[in-house]
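Labels A, B, C and D are assigned to the chains in the order they are written; within every chain, residues are numbered from 1.
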Amino acid sequence: MDNLREVRKIDHIRQTLALEDGPQDNGFSHVHLIHNALPALNVEEIDLSLSFLGKKVNSPLLINAITGGHQSVTEINRRLAQVAARKGLALAVGSQSAGLRNPELWSSYSVVRENHPDGVIIANVNADTTVTEALRAIEVIEADGIQVHLNVAQELAMKEGDRHFRDWIKRISDLVQHSPVPVIVKEVGFGISKEVAFELLDRGVTYIDVGGAGGTNFVSIELRRQSKENRGFESWGIPTAMTLGEVIWAYQQKGIPFHEGAVIATGGIRNGWEAAKALAMGATAFGMAGSILKRLLLSVVPSQEERLIPQSSDLNGRIEAVEDYIDDFEQELLQAMVLTGSQNLQDLHGKPCIFTGRVKEWFEQREIVIQRNR
Amino acid sequence: MDNLREVRKIDHIRQTLALEDGPQDNGFSHVHLIHNALPALNVEEIDLSLSFLGKKVNSPLLINAITGGHQSVTEINRRLAQVAARKGLALAVGSQSAGLRNPELWSSYSVVRENHPDGVIIANVNADTTVTEALRAIEVIEADGIQVHLNVAQELAMKEGDRHFRDWIKRISDLVQHSPVPVIVKEVGFGISKEVAFELLDRGVTYIDVGGAGGTNFVSIELRRQSKENRGFESWGIPTAMTLGEVIWAYQQKGIPFHEGAVIATGGIRNGWEAAKALAMGATAFGMAGSILKRLLLSVVPSQEERLIPQSSDLNGRIEAVEDYIDDFEQELLQAMVLTGSQNLQDLHGKPCIFTGRVKEWFEQREIVIQRNR
Amino acid sequence: MDNLREVRKIDHIRQTLALEDGPQDNGFSHVHLIHNALPALNVEEIDLSLSFLGKKVNSPLLINAITGGHQSVTEINRRLAQVAARKGLALAVGSQSAGLRNPELWSSYSVVRENHPDGVIIANVNADTTVTEALRAIEVIEADGIQVHLNVAQELAMKEGDRHFRDWIKRISDLVQHSPVPVIVKEVGFGISKEVAFELLDRGVTYIDVGGAGGTNFVSIELRRQSKENRGFESWGIPTAMTLGEVIWAYQQKGIPFHEGAVIATGGIRNGWEAAKALAMGATAFGMAGSILKRLLLSVVPSQEERLIPQSSDLNGRIEAVEDYIDDFEQELLQAMVLTGSQNLQDLHGKPCIFTGRVKEWFEQREIVIQRNR
Amino acid sequence: MDNLREVRKIDHIRQTLALEDGPQDNGFSHVHLIHNALPALNVEEIDLSLSFLGKKVNSPLLINAITGGHQSVTEINRRLAQVAARKGLALAVGSQSAGLRNPELWSSYSVVRENHPDGVIIANVNADTTVTEALRAIEVIEADGIQVHLNVAQELAMKEGDRHFRDWIKRISDLVQHSPVPVIVKEVGFGISKEVAFELLDRGVTYIDVGGAGGTNFVSIELRRQSKENRGFESWGIPTAMTLGEVIWAYQQKGIPFHEGAVIATGGIRNGWEAAKALAMGATAFGMAGSILKRLLLSVVPSQEERLIPQSSDLNGRIEAVEDYIDDFEQELLQAMVLTGSQNLQDLHGKPCIFTGRVKEWFEQREIVIQRNR
């Protein structure tokens, strides 16, 4: 019989498939790149690659933390790793707490390293993980970096959720000091304010995944698991475009230059045009989870009633759908780079980009001024 | 046979049940709290309580003035008092004018003190009540404070309404000087402008219940009693978020520190998320009336045609519905406090909070700048 | 057989009844009066009256220029004059050009003076009328003032319209110098810009009726007469709230104090709440035409196909509908005065009033700052 | 058998007829001309003509580049030239690349000069055309100017599109130096930013056709040819009102006076009211393509399935529809000139004109201030 934590993993996947993004939108419709009618470049010269966590990745698209910790999700992780390997992308595993509690489940994570032996693999733990546990989580998958996820809103929405947050910042500081690989602090969908970013940067964290609102919503997921709804609660959080501005501004205030800090934009990014806006604003990379999972599983998952996850054989045909999705995404990003006259990501970050409507109002009220490279 | 004033009490309840909030919205969708992904607290340490009118209440939720003055509403007041007692909340009675004119009706008010013997009970009179009358209103329910309600718009909408407002301010000044308990000046749903707030503060009033537009609408109620509609008239008034800014700004201009003045936010506050915004802006407490009454009476009131109020027995099951509603409310408020990293109400008041859209425009045009604690 | 000009008069009435206001709105939804919860006044002390064109009128509501110049509209003018007389209101006749060309038609205008012997009656001519003609127009109805209407947009929309506008300003200057009564320059629904207002004030004009967009639309009327539509053309013009700001600002720049200049707000003003906003902004009076005509004629006019105007007998019952409409209007205005704490119109003009949305943007872009009395 | 490039020409026409403008709107609903109630002019004095590319044209309406390069479109070009001749308008031919590759196709272009012998005819080449080729393109139609079209977005949307843009600017510089006639750099629907405008002006280009988003969308056209859709890609580009501001601002910064530089506004301009706004902002002329083509071909083109273009005989009746459309357009422009008090285009450019909503935000964020003549 599955224990509670393991069943929850499967419920999360089920609910992700059943839910739409939102209800807030990610804010990028109010961020505008400026068309360059005369880009001084040839398309084949464009370079989407970057150095990320010490290795080269082919593009700034990160397949973000999704799952692990249950035998039936091993197959999902294997497929994601195969895609990441074929495309040369970085990949994060889902929370490794289950593995830390039950070593029999480690294989559901290590499958990722087996299938993406030379790539960037990122460990994932929650914020009350001890240094010893975190080191174990890294070791098991030979991780190149470790994500610490912040998910207070999700915990509150869970009946069985954690209620103790006081020591999180201390745990993060400890991990920053003892981790052999970079620590990425990551929200799961409610954003990082400039105040929190300042605090993290003060503690020596240099990688922040903003994890803003507008995509997968873990309050909605947890409430639906209890057959509840709460419009106010589900609308909580800083939309991705806004939190990205908050975090970038904190980096700029601290004087951390673009190429040293890594700001990752995650949260409802759904096409290469939005990704390009995030990168132009100053993100180093961007992550996606929910929409990739939907490509992988939709149309093969059995009816909503059952808790089962599809068999390996069912997924054979789906890996191509995910690859097509990523191809489209990178294609759009490349087109956006051409159309802004950007030869590489550093270039893109220097291109004009403006804010209107709610995003402009947010930045004004929060006294955030995004400096561009030039 | 009921006299006019008494029948009106019952009509008000009927119309409240029949009407929706609005047509203006309360403005809080343009007030934004900022998510704190790393709150340095544990949930059990959070304290919703406050000292209010000299007693401790368990939360800043005030069950605001609703009824009294007719035998058939005694049962409603008894139930509200029972809820307030069980939850440790403050409670205001409805206007005591009927009682002042007909002492036989006092029991419909005093039932409140009987059922909430140690709690905060607030008397309620209209603005042309004499000091002697007001003292009597306080005495009858051993009130801890007295609300003077301002309801010019309602009076104008009534055929039989008052048309003399010149002496109200003088009456209030007199009461402030002679009342043994604090005087709360309270609008019933059209808001208090900064100009009026300045005038009240100059006269020594320190408690203001802003009573803004966006919830129960007494112009609509009075017009519907006459089978009339008037979009312009019903849209009159300062929405709650805006009037809250007006009054807080007046307090700040007068140099009254947060913990001394009591600004109560009432008017269409319908969930704990909105309440948290009001408290973060600087409200000491918030009030509700219409939505509580609906929880208590809807589904048990007989058909719209009759003027009867449900029997005591009908309400047995409803008291739980009201308690659940209040539980949800306090739960949401607590969640908002966690998610902004606020351990108590004083803390919440120091948290970042921004204004967009119509609220921002309003404050700019009215030259209102809300200072936060920090 | 009717001549062209006379048939047109009847077409105008027909089309007014068939058309809705707009397509632009008058802008007043972005003008906000501020609720005064403590008005220091009693309702019976409120005074809606003003001195207008040398006589006292009971309220600032002007029944603006509608018709005349055709036997079959005499009945309409008689009724309007009767209403004006009973209510003590000012009344303008429709354009007197027809009368100037055909003296047999004078009775369709003079009926107004007969039925409102002591009241304010305003003559109405177009902008290429000579001084001699204008003096005749005044004389025939013993007018207290004379409106010169500016209607370039309407002329352009008419096949048979005037195409010569160069001398209008000269004619107006001449009339200002020779007219025994004040000259009111009046747009018919496309507004007066600050530039035009400056020019008029420089020529000695002191009465301006802003006639903004948002109500009766004479481009729509003329196009429909030709069974045409043109969204761009019909959307031409400065909305009433904006043109009112333009003209008031010009008065203020010229240093003309409130009580000397007369700014009349006309154009889609449809209830007393809107009228109050116009008066608070600085209008001396406000005019209405289309909605009054609809009250008078709707439900009694025969089918759209015929060019006939209702017989006298048909109108017997309608005069009451017009009076009720005016009563409601004045009642709403009075309520707005109470709710802003204004004892008279001068007071109302000093009350806080703010601009949001498109009106705020307009004033900012046009560098218009409306000074209030205080 | 048609080659690829030639078939494409016909596909473009087909798709233009099938598609609507957009999805972005051209932005002109946020540009406002100010009504002049007292224009000091007579209609017959108004002059729509201008000197353009050394010749006099009757109005600033340019029939912009559409087609050529395929026998079956010769008829279209003949008709457009006949209209231009009758109306005294400038006319640009479609891209002459096909002709440069296959001289048999020259007649499909030269038909234009034959039918508009004394008028302004503009050659059209793409940005990688050599000077020699360009001189040939000019010669064949005895062109008065030559457009170099920039269409990066379109190339990217085509499977077979160009992917080399690095040398475009060099080619343009060369052409500017060697062309016997003025060079007009022209976007095809995605706009010219101020940065690109600066670069062009620095290279000696003085004619820019802004070609903004909001009308014919060549990304949509190319994607539909492949039965694809992509909301993000199709929403790319600077809307016409915005790009017009960008380019005019660049001219102003460079100190190029109004009468020397020629800024042409193209992109979804669909009536004379919008054209007037563009001209008031500072455009010298405005172009149209899609809507003219629709007038010419709609209702005569055979069913969507076939690749055929209508026979000459089918078009006999259509030329009148195009002329009526142009008449309406010029009529509206003339009306807008009267209503702003503008006697000629220079005048119109000095008239007040304001920006609201998204256009205002755009200009503020881009630090663009449009100086008016006065």
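Here are a few things to note about the model shown:
Rule of thumb we're sticking to: a contact is a pair of C-beta atoms (placed from the backbone, for glycine too) under 8 Å apart; a residue touches a chain by one contact, two chains touch by 3 or more.
Every value quoted in this text rests on a predicted model; they were computed, and no experiment measured them.
The chains in contact with chain A and with chain B alike: there are none.
Set against the Cα centre of chain B, the chain with the most distant centre is D.
Taking shared numbers over all numbers used, the chain A to chain D interface scores under half, which places it in the different class. For the copy pair chain B and chain C, the superposing rotation over Cα atoms measures out at 90 degrees to the nearest 5.
As a whole-number value, the distance joining the C-alpha centres of chain C and chain D reads 44 Å. Note on chain placement: the centre of chain A and the centre of chain C lie 62 Å apart, centres being C-alpha means.
Contacts with at least two other chains are made by no residue of chain A. Across the assembly, chains come into contact as A-B, A-D, B-C, C-D.
Within the complex, the chain A residues that touch chain D are 32, 34-45, 271-274, 332, 335, 338-339, 352, 354-357, 360.
Listing the residues of chain D that touch chain A in their complex gives 127, 150, 152-153, 156, 163-166, 168-169, 187, 190-193, 195-196, 199-200, 230, 232-233, 235-238, 358, 361-362, 365-366.
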